[in-house]
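Should a chain be cited, it is by its letter among A, B and C, assigned in written order, with residues numbered from 1 in that chain.
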Amino acid sequence: MRRIYKIRRHEWVLLLVLVLECAIFSVAGTNFLTTANAFEITRLGVEIGLIALALTPVIITGGIDLSVGSMMGLAAVVLGGLWRDGQMSIAIAVCAALLLGLAGGSLNGLLVTRLGLPPLIVTLGTFSLFRGIAEGLTRGIENYSGFPSQFLFLGQGYAGGVIPAQLFILVVAIGAFAWLLHRTAFGRSLYAIGYSSEGARFAGIPVGRHVFIVYLLSGLAASVSAIIYVAHLGQAKSDAGSGFELMALTAVVLAERQSSAGVAQSLERSWVCLRWSFFRMVCG
Amino acid sequence: MSLKRYKREASALGAYLILLLVMALIAPAFFNPGNLRDLAMNNAAVMLIAIGMTLVILTGEIDISVGSQFAVCTVAAGWFAKAGMPVLLVLPLVIVTGSLLGGVGGALVGRLRMPSIVVTLALMVAWRDGLRWITEGAWVQNLPADFQWFGFEQSDGQFLIIAVTLIVLLVSAWALQNLNAGRAIYAVGSDAEAARLAGIEKRSVVFAVFVLMGALVGLAAALNAARFSIVPSNGGMGLELKAIAAVVVGGTAITGGRGTLLGTVIGVALLGTIGTALTFAGINPFWEKSIQGAIILVALMSEVALRPFDRWRKNHVNPANHVNPVKLFFTGFTG
Amino acid sequence: MLLRAIDISKSYDGVDALESATFELRAGEVHALVGENGAGKTTLIKIISGAVVADGGSLELDGVLISENSPGRAKSLGITAIYQEPALFAELTVAENIAFGVDNQSLWRRVDWTKRRHRASELLAEVGARIDVDAEAGELTMPQQQLVEIARAIGAKSRILIMDEPTASLSREETENLYRVINKLREQGVGIIYITHRLEELSVIADRVTVLRDGQVVGTYEMAQTNRQELIRLMVGRELSTIFPKRKVERGEVALELRGVSNRATGLTNVDLSVHRGEIVGLAGLVGAGRTELARIIFGLDHADGGEIRLHGKAVRINTPADAINCGIAYVPEDRRRQGVILQMPVSANITLASLRQLKSLGGFDFQLEKQIAGDYVQRFAIKTPSVFSPVSTLSGGNQQKVALSRWLATKPSVLILDEPTQGIDVGAKAEIHSLIGDLASEGMAILMISSDLPEILGMSDRIAVMHAGTIVGTVDRADATQQQIIALALGGRSQAAA
């Protein structure tokens, strides 16, 4: 069991780099290094981090999902629209957003598993489609806001007055994905499929079904991330999650290179996402 | 050449003609020369890049760093002009810059034997981050007067851009069809092993194609930058995905070996026209992306329907496994 | 003398594929190569065509040594091989495919499409093929593709043409046409190496024949001086070793029964077969007879169009491998590296891959149990590996096969299908695996063993079913079976009294 806690050299290096970056920017920047600031950065990191986590199983099976950022946008506007214009309770709107994520994920999943289409292009298509529907519905400008404070707590609140609320969600998600990928038969089968889908099939693994589930999860994660994002910003627009897919993808793909230890891998992915949010804050 | 071979291009063309027909019926103002010229201007860059992307995809690879390359080349164009280079020299210099960037990608894909999507993903990040670090987000301003439209009148400049694009398109299409080098691209994408037996090394072809892609990106960037008087530092966002979409809609197979530039032209035209068509038809133009996405998905699904029954491909390459960075990364396995 | 292969040796993974093989080819002759599956024919032609590098020996063309053979080199020397798997560019036209084999132009030359099409038409006419030169190669039928490849070889002015089972999937008319082409080539002085299992065609087409057995050349004979019977004897005649430890086991009730199983796509027709508990049924036949295709249907990888499968007397529907596993059927496939194991994963993960359900525990996954199960099998089967966590790719072929076997035994099946279980494995490991299989049978498992290794089948099986062209042409009891009889059935003869 020692394996779980063993953080390898790579993670120390990354941690060091992170600290260094903090140091450099705090010297070069103005009001950079305060605890408050540090935690604010993690907020954005959570949203990207969730997506990166969900992308991991997809990439493990040898696929890819470019549509996650766009699904965020779509889920966000559906959430906002149902709540404000549809007069539904926030709870129902949230559920609708989650269902939407599942629906989008299943579209990707079906096209990839049933029709055997290449995931790169399928998700390129849904990348346009989801964002497009979001923009179409809102004419690109509609901005839903004025959400109830309990909802906003998800994205803006502090647990214990200091730690951002969504960090808990990320921690739980990291735990859940790490558990799924490394401590379940399902996770094991994903690796098998990634190494050799033929070999996996001969071992009795239902390749189509498992790959479908993986895309389903990806869509769901995108909608969860959208909910947090909306709560964080206090507004829902069609451009939610723009560019997130490439950031998350980079985090996943580049992180894979460096480490292979189970949970540490998921942790590391979060490090990388945090770094990304650094850059966005600093340079954006 | 039998028509049967061009089913995909024909369907794409059919869709485009239907679109034009609908426009002619409900909004003939669409065809007014000013609008057509604007369309051409806005899509010239995508067209050039899509040409290069077609070649890359034909070899069975992919390059998602072109958007970032475009941004770098755009800024380079501004810098060269500001540094006092005569305008006529700026163009070739930017092309060379692009070729160098492309060469890096080509060398890495060939040498490293890593999936091109991973390599170009890393390059995409590297080029854009590097650019952002150097420019600190600032746009290039105070350019010499003869930068915009190459010092010509606006209408002459526009004509030049369209003409160059057309020439490049025609030359590329001819070369792809009629030069051995062009046929080598198809061979390598169809079956790298068989190509090797015929004396064609995939690595060299891929390198050359990436360099060519880079050159085209440079050309597109320079032509596009000349439309304005200041140069942005964050250009080319989403350009790679636009190019790939156009290539795929035009009937080129993502697995390589099959496709034409004619199809790509139709793809660029079809996808690039949607937005304007919607506006002219009085429909909320924000539906543009969703329609484009739908077109891509439909094109893919019809690809399945039209794909000739591969009698011998028993071990058919599973497209789901086409993108697979995982295999090369997982050195150790943990439970 | 056109070509001489002298003292060629090649071994894979410690197993000798070819041992001091010597072979000659004259100009203008059709020289046939015969032998059982695995006798070394494919290895020999791959060495001649440059696809594989020999460990020892040399090749001479026109008396001149060929140093460092490679596919490119062989092509430039005029050696062309046509395998059963076509080597055409599927997306390109026939004319262009032919051009690739024939032209050797620099990249910057302009393509003369008219000349290409014209030349392609001429070459195709020479081989008597009525194929549209503008057709896409991927849309042609197998015989058509074959003809295109031959046309290409002619265009490339090949001096040596190697053909691997060219008539395997041809109709009578197409075969006649092919013979015509071969004769024409022969008259032009081309040397042809012709591999075939259809011994009856040798007298029609071949001048000489060389028999390979277990990687060695048995002899080279003039066709006129030998006959089919004699060739069979030479192909198989060997001492039946007594090392197979099959004990006498009481056979139990029927575990697996196939009635009238058919599958149009793969050519299976009306297969009736039964396997009892404690019994080992050997399934013999040539490559392409349908054995693996049958196994795939039993295991749920393909669907049967007709017939039924019964397990322990009950009819079952098997649509996926998971269904088969749930019914207690296990299948160890022939392609060990791509299907039998997953090379990059460790031994332990491979062993448990088909029985992951057993490892479910509260925390999700019981790693301790996995390690223990893996350790048990490693010990029981004497799998040589540094640790249970080593990737399977680091193991030798024999040990990889043991891992594959362990994986399936961990599912506790009642029916075990083995497809070429000892192919490419050294003698020592072979014996171990045979012993294991024998033990499994004594413990009551019903075993269906597909094998092309005649001594293995004769030594291990209680009954031998022989397949030919998609159906079972005969079943022989162990007591009555002889090698000649099996191979005669496999080659298409009807069930007859022992020769």
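To be clear about the criterion, contacts are C-beta pairs under 8 Å (C-beta built on N, C-alpha and C of every residue); 3 or more make two chains touch, one makes a residue touch a chain.
Nothing here was measured: the structure is a model prediction, and the numbers come from that model.
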| item | value |
| --- | --- |
| Shortest path length from chain B to chain C (each step joins two touching chains) | 1 |
| Chain pair showing more contacts of the two, A-B and A-C | A-B |
| Geometric centre distance via CA averages, chain C-chain B, whole Å | 45 |
| Centroid spacing, where centroids are CA-atom means, of chain A and chain B in whole angstrom | 28 |
| Distance from chain C to chain A - Cα centre to Cα centre, in angstrom | 47 |
| Sites on chain A at which at least two other chains make contact | 182-183, 188, 191, 195, 198 |
| Per-residue overlap in chain C, given as positions that touch at least 2 other chains | 344-345, 349, 365 |
| Where chain B touches two or more other chains, by residue | 327, 330, 333, 335 |
| Residue ranges of chain C in contact with chain B within the complex | 71-72, 75, 85-93, 96, 100-101, 104-111, 113, 132, 134, 136, 138-142, 145, 344-346, 348-349, 365, 367, 370, 389, 391 |
| Parts of chain B lying in touch with chain C, wherever the complex brings them together | 1-2, 5, 177-181, 183-184, 186-187, 190-191, 193-199, 253, 257-258, 308-313, 327, 330, 333, 335 |
| For the chain B and chain A complex, residues of the former touching the latter | 62, 117-118, 121-122, 124-125, 129, 132, 136-137, 241, 244-245, 248, 254-255, 284, 286-294, 296-297, 300-301, 303-304, 315, 318-327, 329-335 |
| Footprint of chain B on chain A - complex, ascending | 3, 59-64, 66, 111-113, 115-122, 124-133, 135-136, 138-140, 182-183, 188, 191, 194-195, 197-198, 211, 246, 249-250, 253-254, 256-257, 260-262, 279, 283 |
| Residue numbers on chain C that touch chain A, as the complex places them | 301, 320-322, 324-325, 331, 333, 338-345, 349, 353-354, 356-357, 359-360, 363-365, 407 |
